[in-house]
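As written, the chains take the letters A, B, C, D, E, F, G and H, and residue 1 is the first residue of each chain.
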């Protein structure tokens, strides 16, 4: 049972951002839009900060699902970008799986729209192939909380670990002394309450 | 653990609609009525779209529980229809089990009213007989969220997979290239947000 | 004070549907999408049933706001349709006001997206010109309940009466004996609980 | 402004129970069914306790709306009972208004299903004729809280006072010394928390 | 895994009602009081209906915790009644365990106040001794939903099955033909929506 | 209209604490108990801090309603304390009204249990006699939010101003320079977030 | 009554941002922090976009309340900035009132932390001096929704108009043709759903 | 499976309070501040009452995270206090682990801010080293309920038992006869409803 604490290690992890597309976003109703947008960008920000290999993929981006969030394209201009021609489960796309395996990482951090499909399907497929999988619950959105919870239970039952972007960042960082400014910057940009603490603190010095 | 990702395959799956009756519907208070009606019809619609064997059953339909939703009867005029004379667990009814086995399918997709009885009981019975069982949480309703969650935990503990109608459709379809128009039609009829995306998209072409 | 009960009369009322557009719909987060779509169509349905003059208007429909819901266009093919070139308050558009005045009605039933702008602005303008105004709160949507309530209070303070589509229908109809089949049809199409009552009732006869 | 505190007086008040019918009850989704049933019976109980003239009325009780709650019929076997042949607003029915006026009371306590129609319409009509009107918000139910609040605002704007069954009972009773046992009995039967206080208190004596 | 569906059998089951006391009730804030009182009485009612051995126990009933609900005493005048002198976990009281074992049943249906202590502790203890344990989540109450869910997860992790009073009744009854009147009576007394169905249905015959 | 901003002045105000009794507290379900207890004590604390005349009153304190919160008795040992023998509306008790009038104040700050009775009744009575009345909504509790809102609307319609304990304190204090330590002490004792700000701030100096 | 629709005119309006300070922000619990931060910055953004005179003020910014949000200082480097030495109601500070009057505007748009004090007090004071006052409900925050609603009712009773930042922008702009790019930019920066519409729309052109 | 009921024993348990710091507290938004503060102090109170070894630790307390709650320092002046220089997971700090092991206890009761990091990380690490771990869910706080639930599921999957402070106290105490006054004191100080029961009970004696 102890083995279930597969701890994230920054040298072993890659990030998969699945179908964060402008059109699909209108299906997400289990988070406030301001909160959700912030969470997705926070995950992208921490991925960049830790220098994790990051893979972008979209489903039918020239149709109603719409293009990927422009911010993600700007942040990861050189990332593998797989515009899937039709496969719903990203793991059914050979290029995507190749890109994942090319990172050489065994820990996969996944987020996407919608949780029950674009996150759950590749997460379950990756578990089956022996990866350690971490679903980021607050950077993934879906129709309503009932659907979200069912997807969480389905993933958890198969061994997927459920985390949030903040705990992912903390587990990767391990020790503030590795770099205070950098991590505080990520938090300040994406947690208004943390930013306020820093603002008040700095004013006192 | 990897075996827990028993993936739905359209050639192996059947759909069981259990006790979606006009009277029982008034017991359902964990979903808004518009949303619930839509979810049930969406599941029926996708079952038809994929050509899955579908079985209808009712409990005491000549009493206060009332008749099956007329839409379901219209959609599946030739489906096995078991009006159970008294068995609460549909699996206790021989005709029902025979009808299930006659489909030759090993994956059962179940929804019904109420979740904790009409879904949970046959789901648990079917698991016991070796079927792979998928409960559709948003096409099943009950008294309140506390009861629903207890039923979900009871089913999950026995190996039932918790899904929603949208993820069922996506897992069965696998690849948009199999048929874009058809699946988009199902989504457009049952997801107003998706319909709006298509409306806006089409207006631009 | 008694004068505040300005009762709807079907010979004196017109319906204004303001900016129910496919794109704007994604801004509506104070109602479940299934529920909201149903409420808008229910208002349109009752308007048609009572033969009320109905006016459609849109804001920038060739841009991101998107086209009007196709169902509304189909239901009211001959209705005045004012695609406003830029005015945010429909009442600032001369053609719209002309169309309203051309109906010769003094009671205006308004719904739209979003409540705080597309409903509140013309409602307040119409009150100022002496119309009796009825805002349909459940066929109008906006960003969140706090914004909705503020808009309701602003309108109520100016004398706008807050109603819902069901009470509008009932106040217009006055007496079931005027036509049972027709009104029951409207309710059956848009209130699943009512439809179930009718289904169970009919099964018994 | 001070005149707005029109205080309930037991010698001046009558109770109108409008359309608490078995079928219509399935439309009520802004209260938990256990709570709502209890609130309606509590209002009936206090009406009986204070000996207030009570009038029962139904809408189309032989159709899908269903019969009046049997408990109400049992509690008020001799009350005026107006089964309206079609009028939606009870005040449009001459027999109902006659029955109201026959009580000789000027303060009307109204509750019913649904709040926005069966309560609001007669409440507004009665205000217009000079009655003091008190709507009992927790013995009246409707589709959802948004509709309820709109109905409350519409009634309040016209001078209807919004109360709950407990405050109605307290305002009528004025002084516990008038009868401790009786009022405590009403509370004990309908407020589990109060009953527990009495149970614990009695065990100590 | 299939063994997890330990199905309730009326010949093998006993009911344990733990600390449903008038004072402790004021700690229960995860259910509306009307709903909770009804659920507890419904469980008692079904226990009586099926003739299950029922055991009552209280904690410090002469102190602030207060006496057992009087209704339970009236319903089970001859049941074993263990007023525990101090043990918090009822299973730590020898008389209680003796009473349980004296029933000769292997399936224990438990409810109580509060869920995380009075239900969870004896449930976990009984599991450890080899009983099949069924916690009735809606006849058990506690401080808030977060505490309730933690208690549910702790119990589920140890193999306790989470049910609600309605599904307990249905699983015990198996087949309506065993006795329609009796079970319908239980439902009619404790599910207002079900009672309304019966009322409407009976009116038609 | 401008006259509606009757601003609290510490030389003109008195505080009435109505029926904050240990038993009645179990009826309060529109606030979390920790929050409500804190709010009541905060109002008492500020009343003491500003040296406002404070009047305590109870209803039937020797019966199930139970004694006043002991903290209030300790804080105001010399305050007028009217244990009403039966009057439900405190204003119906001559001693209470005499005590109010003896303060010579024209602004009355009222809180109590339950909002719809113990607050609303004397608030409305006092308005009628020409007092300026301020109901403290968060130090007053009742059965549920629906009842609370109805009581708020009834009071607001009659001219009662709705405030919370924090805004009462701020409006009375006017200027931090009158005494920083004192007011900060009140806030620190009753607003954990404010206390944290002070803790962090002090640590930096 | 018609006069209540005092419509915002960009040539007559000024914006007052009251106490949006890093420390006070931790008191705000009626909005999600991401949402609230976005709303405040959106109001600032629109104020700048329309070139409205904007006044900044803080309460005790060198103490625990903390400094103003740095973004506001950056956005309005030349705005009147009144760091109040102690007055809680900004209107009690002569410099603040002078700054307001120096704008020569008669319409005041106010937001701040906390709603019940920093917004309500100056709003009520300004109403008393004859200004037209518009409170921006979603750029103002406080302890909880109950406090917020009480503050809203107190302000509305005195004639303050309740709006949100989006409706303020729309009412000021009047017509999209005045400048499409500019207003769309404000919306795109602060309404993720609107940004998605634009992203999808632009991708199609 | 029965082994999962690892029951708390007061001779085997230690308490770890992780990062309950004034600044971090502003990140906690899944509990009301009054409730959360009370829960943390209640856990501290019971730890002291049972004489459990208690370890305090903080993260970066001289920075924006702020100092430990002063109450905790006062309550445990002699407890091991590890101000971690940078390690995010307290278990990565050697002094902390030494302090834990120095207690000689095998059962660890953990609470902290935030649940998903400061509680989950050391809880999972301790499980891995063979400790029995009990997370106190209501004395631990985080950003929102979705994050909390994910953290709970991650911990539960690894064998951490989820409890609340009240059930911890009850499981440690075992029998009221061990000391009535003491435990009742803890409950009276931290459960207002319990305090009210005692107040009413004492008044009767």
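Keep this in mind: a residue touches a chain if its C-beta (ideal position, glycine included) is under 8 Å from a C-beta of that chain, and two chains touch if they have at least 3 such contacts.
Note that the structure is a prediction, hence the values are computed from the model and not measured.
Engineer: More than half of C-D's contact pairs recur, by residue number, in one of D-H, E-F or D-F. Which one?
Structural biologist: Repeat of the C-D interface: D-F.
Engineer: Using mean CA coordinates as chain centres, what's the gap between chain E and chain G in Å?
Structural biologist: So the centroids are 54 Å from each other.
Engineer: So the centre of each chain is just the mean of its C-alpha atoms; given that, what is the distance between chain B and chain G in Å?
Structural biologist: Once rounded, the distance between the two centres reads 49 Å.
Engineer: Measuring from the mean C-alpha position of chain C to the mean C-alpha position of chain G, what distance in angstrom results?
Structural biologist: From the centre of chain C to the centre of chain G is 30 Å.
Engineer: Approximately how many whole Å separate the CA-defined centres of chain D and chain E?
Structural biologist: The computed centroid separation for chain D versus chain E comes out at 34 Å.
Engineer: Mind pulling the chain D residues that touch 2 or more other chains?
Structural biologist: Only 23, 26, 29, 32-33, 66, 144, 149, 191, 193, 196-197, 200-201 qualify.
Engineer: Sort out which chains touch which and give me every pair.
Structural biologist: The complete list of chain pairs in contact reads A-B, A-C, A-F, A-G, A-H, B-C, B-D, B-E, B-G, C-D, C-E, C-G, D-E, D-F, D-H, E-F, E-H, F-G, F-H, G-H.
Engineer: Considering only the defined contacts, which chain D positions touch chain C in the complex?
Structural biologist: Touch residues, chain D against chain C: 23, 26-27, 29, 59-60, 63-66, 85-89, 92, 114, 116-117, 120-121, 124-125, 127-128, 130, 143-144, 146-147, 149-151, 153-154, 157-159.
Engineer: What does chain G use to touch chain C in their complex?
Structural biologist: Those in contact with chain C are residues 1-2, 4-5, 7, 30, 137-138, 145, 148-149, 152, 156, 161-164, 166-167, 170-171, 173-178, 184, 191, 193-194, 196-198, 200-201.
Engineer: State the interface residues of chain D toward chain E in the complex, per the touch definition above.
Structural biologist: Contact set of chain D toward chain E: 22-23, 25-26, 32-38, 62, 66-67, 69-70, 191-193, 195-197, 199-200, 203.
Engineer: Within the complex, which stretch of chain B touches chain G?
Structural biologist: Residues of chain B touching chain G: 197, 200-201, 204-205.
Engineer: For the complex, which residues does chain F have touching chain E?
Structural biologist: By the definition above, chain F touches chain E via 26, 29, 32-33, 144.
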